[in-house]
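Listed next: structures, encoded as structure tokens.
In the two complexes below, subunit A is the common chain; its partner is subunit B in one and subunit C in the other.
Moving on, here comes the complex of A and B:
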């Protein structure tokens, strides 16, 4: 028996391998639920019906998925270029915070204009944070992995100071860690008057189309892919790598920031730390499972958004902790990565020579 | 009041050594792993998994020894998973490290919530300081250096041991060659793959020991994501220290001092927000990396999958 590298993988095998990974993930979910001492069948059916069991549940799932589809897109842009940022988490917080600050500055303006300025401010906030990591990379050759992780912690503590101090809701104590509620005319309106389906979801659709077109058609998309494949060759063609890194990071940070904006203005209607944390890391997982393509990221994001939403219902029904979904995301990603490798090998049975 | 009686200063310096302990243990391990060429970014998740394991075992058995052993075993397990995915399957080491961190964060939170015992931590055992007879009576220095938990002495004793191992033994030399040019070992007939596994598992075991200390000494209860960036600080310390043992340790002591100052921040009533003190180690890490920029000690094969036999 020996293991031989395949040159090309038959689609049937590819489908079979991914199906096996999906079954294994389901098995892992069942095992985890059993460990928690909850009924497996009831919990899984509560998970499913909480996710897509009714139109209202499906809408909630979509809204839940929206922010980390955005951070997933932000991940696609950077990782395609071989720029390993982990800063999406901090950029979501920075985006939410900057948008909140803008809502204070623009009070009195027409609501539509004020909201537009808040988005812009959020994107500038997230972009600036990402730009800082790009600058540290270009000026000091600092690994973006290290700088963005460290900046995530710095931003986390900065936000925690802001919302338990200067921006704290009047009448609250510092332990609430939240601002007061936004004026109601700044809340993102619902699409077609459907409850909870806020306009931020449209931004996700816009971002999807834009990202797809940029990556497949635009010169920038070509440069992004070329930088990921061979940065040296790209620079020898006369492309300034530092400018490109800046451009990619500013875009990636701004897209992440929009996630912070829509959660703050569309869902929570106030700035809180708890509801924004984790969205950046979710996006990285979703983008990696979606193989760094816009459509793959969208599908993975919708799937895990549904699971996150379903898990809330499951928690009420059978008491299974919602962290089941975070655990599953890790397991699914590992299985997909392994399957991706396994697909390129085949076992050849032969007699001993 | 003379300088030597300054109880606050004694507390801060003693705390610095305690906060440094899990970082030193983990950094010694991670240095072994990275010098062997495996770019393990899952330190954070490994430490968190170990801390949770220590929590679960000490809650169930009350035994600090068993809890420490279990944490080390958990570290080994995560290390074996890391080795299988990076050395074995040659997957991208950055992606694997990140995945392990996220999986550990989710899984420990899930198990913690599922155990339902999160409120009953009143009776948790923790390490007691071991005063060294005689030495602990020295003014100032005694209270800072010689009245620490056993694992803190172990961590500092391991520093010269790690140096001797890396730079004065055959196995240590082979380990460094592994990260620079594994073909050399190959031509000498040394099996490379088992050594990559061993370096990764041993490194994660040390991080596991650090996780045990984090849980059993520095905290009185398990809290979600309680590793709080310590694993990442270890990774930063290695880069800042240019992959040398003593450089790495210098960076760690700097982070630990800032951390210790933050933990006394509210008592000290410094004129800055408390959150600013908490953010100091992370801010400092960025500043340190802008100053210490030499990467000459970076193993040539770091992060590059070994493709030989």
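Moving on, here comes the complex of A and C:
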């Protein structure tokens, strides 16, 4: 038996492989629920109805998915260039924090202008943090994986200090790590007046179109893809990799920061650490499952947004812990990665000579 | 020396597509013997040793060990049959100790490694051969020479009887090389057969027998006693009737396109790559650079393309000093480069032909000017290039990694010929290509010269150099040791200079190359 690399995989096989992975994931979910001691059928149906069982549930799922998709897009940009940042997490926090600070500075301006400046400030905050990692890479050849992980901690603890000190809501004790509520006119308005469907979702749609166009049509996207596939050839053809890394990270950090902004201004309406935690890491998983494509990331983000939302309902109905979703996410990621690699090989059975 | 060969290869043939890397090569080796595989880069030495070590399977031919036919499917089979190999680039885990590196992958009893037994055996082997290396030292703390010892110990620990050393001295200092040959002597006394793959004359002459390869064929095997540097060089570079030098009549010298003064470059380890090279090429001229690979040609071209910053020296292109500038500025000035390794440096394998043809031009005005790429213009350009260079592919959207070497090279050629308005740098532009594409490359280079461009052509094939060059510079050990006129110079002179032979005679380099 030999394992041989194949040059092309027929699309139908590709679909079949991913379908098999999806079925296996579902099986894993059922097994996990059974291990948790809950009725499998009831739990799965609670999961589904909590996710998409009603218009309100579907909207909640969509809103839940929005920040995952944004951090997923941020991941796509960097990973397509072969820049393995894990800093989305910190950039979400930095974006949220910078936007919050801007809301204080711009109080008194017309709300629309104030919101616009808050987004901008958030993007600058996230971009600056990502730019720092890029600079460390360019100047000191520091691994972006190490620097971004470390910076995530720095930002996390800096934010903890801010919201349990200088920015703490008056009347709270340090055990509530949160700011006071934003003035209501800075809350992101609902789209068409639909409850809870905030305008941030539109930003996701804009980001989707933008990212799709950049990656497939723009000179920058060409350079991003070329850097990921053969950075040597690209740099020998006159493209400065340092500048490109800077650009990529500024953009990626800014996109992650928007996730922090919409969660803060559209969902929580105040800056808290807890509600922003995990959004960045979620984006990495979502982007990888989406094979680093804009549409794939969108779909994976929607799927996991729905799962997270449904899991809350399932928890209430049948008592399955919501941590099931994170476990499941890990399983899906592994299965999809395995399928992605396995699709490039075929097994050849031959008689021994 | 016993009468029966321990290894005999007959008619080994290996093809890569249309290229015949080894054409019916036969050789034999006896216990206790030092056999040298000698030839230029690309002559087929690496392919041959890869077949002996089971890394590549021959398309035809027969391999016998101690009279028994064998067919290796992997190096593991070769090791079982008693053949070991030390690669030019060591395969050691740097964070592990010497001992751990040696026992890794060898006869562990399911879970436990018997490190004490291994230690005792290695101490024994080391004492016998006079190798002193601390088994508990992590490999990264060893010198390059010591790392090579570890590789050798690794092979001996496996009990091999035939040891292949691929370019063993390429990374060694002269002292370390001497030590290595001392070690080889010890191993031979133990009855080991040693094969070294090299293109250095100095080492060749220490062998018992020498098998010379040229263009994939065994052009002769001679005993070390009969070999002379002159004879070997002649065999290495061939005695083909000198191809007619470029037919064009000599032109009046044009303006100077590229002027480089006192260029120097060092590697990461501080080793000298290019040592005080000055050159000048005029419009409508091809300067050929002869030399065995690794003598500074590649870093020299990289400096002339702005890809590598010189440690010293100045480059002027078309009257414009480009000191301290990067590849973008050189491209702006009209410099194109055909890199030595087209897949690693010239192409993005997963990109389409069309996209590869605009690599470096993706922000140029004619493709949209920097924001969005105008796909129509890219496609137009690709269709023109495919037609003009007869690139055989299903469509302009075919990924270049799926192309044959020749067609991939045509993509590079099409892009860089368009790019090189004043200077074309070509490093081994015909390596690994079949005759049809070679002819095309030659024709294109001549046409480019006729159009007034300056061309610097690095090539190991003397036939090509003599056929194309207006002048031939020979590089050895990072220096241009001489510049010759292809009409009057003999191939033997060039070959000798390439092998460092005449360079030693002229006292440029303290290479002991006794003849």
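Simple rule for what comes next: the second predicted complex is superposed on the first by the 344 of 353 C-alpha atoms of A that agree within 3 Å, B and C clash if a C-alpha of one lies under 4 Å from a C-alpha of the other, contacts with A are read in each partner's own complex, and residues count from 1 in each chain.
The working rule: contacts are C-beta pairs under 8 Å (C-beta built on N, C-alpha and C of every residue); 3 or more make two chains touch, one makes a residue touch a chain.
This is a predicted model, so every value here is computed, not measured.
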item	value
Superposed partners subunit B and subunit C on subunit A - clash or fit	clash
First (subunit B), second (subunit C), both or neither touched by A:158	first
First (subunit B), second (subunit C), both or neither touched by A:86	first
First (subunit B), second (subunit C), both or neither touched by A:12	neither
Subunit A: partner with more touched residues, subunit B or subunit C	B
First, second, both or neither for A:323, with subunit B first and subunit C second	first
First (subunit B), second (subunit C), both or neither touched by A:219	second
Subunit C region in steric overlap with subunit B, selected from 37-45, 91-99, 163-171 or 217-225	91-99
List of subunit B residues in touch with subunit A within their complex	41, 85, 89-91, 94-96, 98-100, 102-107, 109-111, 113-114, 229, 232, 235-236, 239, 273-276, 278-279, 282-283, 285-286, 289-290, 293, 295
For the subunit C and subunit A complex, residues of the former touching the latter	71, 73, 305, 307, 326-328, 330-331, 337, 339, 344-351, 355, 359-360, 362-363, 367-368, 370-373, 375, 402
Touching residues (chain side subunit A, partner subunit C) in the complex	7, 213, 217-219, 222-223, 225-226, 229-230, 232-240, 353
Subunit A to subunit B touching residues, read off their complex	32, 35-37, 84, 86, 136, 139-143, 145-147, 149-151, 153-154, 157-158, 160-161, 164-165, 281, 284-285, 288, 320-321, 323-331, 333-334, 337-338, 341
